[in-house]
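The structure under discussion appears below in the form of structure tokens.
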Amino acid sequence: MIVLPGEFIEERKGRKLGKGVYEENGKVFAKVLGLPRVTDTEVSVIPLSGAYLPNVGDRVIGVVSTVEIAGWFVDINSPYLAFLPLGEAVEEFVDTSRVDLSRYFDTGDVIFCRISKVTKSKDVQVSMRDMVSRKLYGGVLIKVTPYKVPRIIGKGGSMIQMIKQKTKCEIYVGQNGVIWIRGENKGKAIEAILTIERESHTSGLTERIERMLST
Amino acid sequence: MKKDVKLLVNGKRIDGRTPEQLRPIEMKVDTISRADGSAEVRFGNTVALASVYGPRTLHPKFLQEQESGIIRVRYNMVPFSVDERKSPGPDRRSMELSKVMRLALEPAIFLEDFPKATVDVFVDILQADGSTRVTGINAASLALVCAGVPMRDLVAACSVGKIEGTLIVDLNGIEDNNSESDMAVAMMPGREEITLLQMDGELDKQEVMKLLSFARENCRKIYELQKQTIKEKYKSE
Amino acid sequence: MQEKYVLELLENGKRIDGRRFDEYREIKVEKGMVQKAEGSALVSIGKTKVAAGVKLEVGEPFPDAPNEGILIVNAEFSPIASPDFEAGPPGEDAVELARIVDRTLRESKCIQLEKLVISPQNVFIVFVDLHIINHYGNLIDASGLAAIAALKNARIPKVEEGKIVRGEFTGSLPLVFTPVIVSVCKIGNNFLIDPELQEENVLDSRLVVGVREDDKICAMQKQGSKPLKFSDVEKMLEIAIAKSKELRKLVE
């Protein structure tokens, strides 16, 4: 049951306000078109549409847009550009007066990283200091509506695992709606992903995708 | 210009409607796939198309507001939308209406959620038969919601007026030009807040308030239609 | 810079220049100061100065109004008046102001346009040009007043063989009403009139009202980025009607 901006969802009752909602006089209202989610601890609305607005902790796929003196600006498919500081990307000490950072990441490079900071005026910082973040070589990128990402990943990753297995492709899915695929059968993988995006609300989707990938 | 047209005959208006009757209304969303949100709204023969792009980065930088985003609205009449071809491009009326429409929508939007960015709203009037600005606002409001722009409430708008002493709603082109008085109202019905109010005519204060009340009733009707349209479209999500 | 201070004052019932909320700054009206114009007036409200000039031309009537003269209102936000005004064609604020003044004059039927017909297919075109000279807030009330003051001292030039003979006149412009424009502003929970420059930057919303001497509302326009409640509108109309009488006295 979707909600529209201005629709009353629930009384706040001390709960945390997640994204997509606002409060007035103890009542929580929807801020965006989406699906309401009410738990004991939080009231929020998952948006059905809209530009990707970064949240700390999100794992995203970005494309390096400029090389700076002490870091890189990264396009994360958002109205806001993210910054990857040198210290969050490279372990060793780098003498920035001598070294051109393009030797680590150059314009156009694709990275899988984590949103580490978002200020009030939406200055965004990303980090690669963890085991999962990495540069992604080769492959191609496609974009989907961020809202559909959970469906593409599936429960416990089941959907995306199935696609990876059946197509023998390497796939990374960013919460910002950017997906990276590499492999000979990437065409099939992409078709499957776009089908899920289009038909996410229909039933029997998993079976259909399975059949599509088996041919 | 005025007075030779009989706008009310036996209680029926020039197009057969009763004074409180709205024209047939059609609302569709997601009509323009390139846009982040879009809608088409028809009130009788008046057709407004709206597209929303954003939030998106704002260039040049000096236009950016650090603490909040901005919305930009362009109201435009297509050259073949009217009887006498309208020269393409902005004219004074479009400039004023663009401003007035922006102020009608702005209070509904959480600008602080997208600092330094912009939400661009484009409204094209494909066919004009009176009440174009309110039709445009109704379309823009739907498009904004579909684009996922954070809002406090939808904005619903309508036109009301007075002809031969009778209050009417949703003025068509002829009524627009010949009424004793006309008023355009936009509001956030859930919050009982007025965001657009323009009036021309010769009315005393009580008549103004009566007309305003009439507008409020009708804006509520339009609001319900807007909500229904979106829910219908997204019901399978 | 001073916005926070202005807002604080207002919340405490005070204004930056010590005025009451329902008080206009000092208003001066000077008529006929431009001899070349058929009518002219210079209005200052506090430090805001607006000049209005009336020029008459002859031309063809509009096809849908063959028995009427024509009224055209234009406003120029001259760069001399403010560091924020740029040279060039009128921006949206100038256009909006001109259109509000136009609607007030037109809907009030203050000019008897039917008396401005010279011969079939030849009518008088009345140009009312508003020129902002110093912007210190409340341009619209000043413009409205300047426009009607200029129209009041406007004279019809002599016409010979379809052409205007400048410098010779046959009478005054046929005016039957004196509409004026009053802006009422809402800041927080307070209503005030005649916002000066710094107050304009902090106001929430504004209702511009064109009022005729019989208390009929001829034009109304909401401005500003915050919404109004229905009860606000009623109160603001009452204030506008009351204040319009003060303004009108200055041009009678």
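For clarity, chains are labelled A, B and C in written order, and residue numbers in each chain start from 1.
Assume contacts are C-beta pairs under 8 Å (C-beta built on N, C-alpha and C of every residue); 3 or more make two chains touch, one makes a residue touch a chain.
Since this is a predicted model, take the numbers as computed values, not measurements.
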| item | value |
| --- | --- |
| Reference chain B; chain at largest CA-centroid distance | A |
| Chain with minimal offset from the mean of all protein Cα atoms | B |
| Between chain B and chain C, centroid-to-centroid distance (C-alpha), Å | 27 |
| Mean-CA-position distance for chain B and chain A (Å) | 35 |
| Approximate Å spacing (C-alpha centroids) for the pair chain A, chain C | 54 |
| Where chain B touches two or more other chains, by residue | 188, 191 |
| Multi-partner residues of chain A (at least 2 other chains) | none |
| In the complex, chain B residues that touch chain A | 36-37, 54-57, 66-67, 108, 110, 113-117, 145-154, 188, 190-191, 227, 230-231, 234-237 |
| Of chain A, residues touching chain B in the complex | 2, 4-7, 20, 22, 29, 31-35, 47-51, 53, 79-81, 120-122, 201-202 |
| Complex interface listing, chain C residues touching chain B | 62, 64-65, 68, 90-93, 95-96, 98-99, 103, 106-109, 207, 212, 215-230, 233-234, 237-238, 241 |
| Chain B residues within the chain C interface of the complex | 1, 92-93, 95-96, 98-100, 103, 106-107, 183, 187-188, 191-205, 208-209, 212-213, 216 |
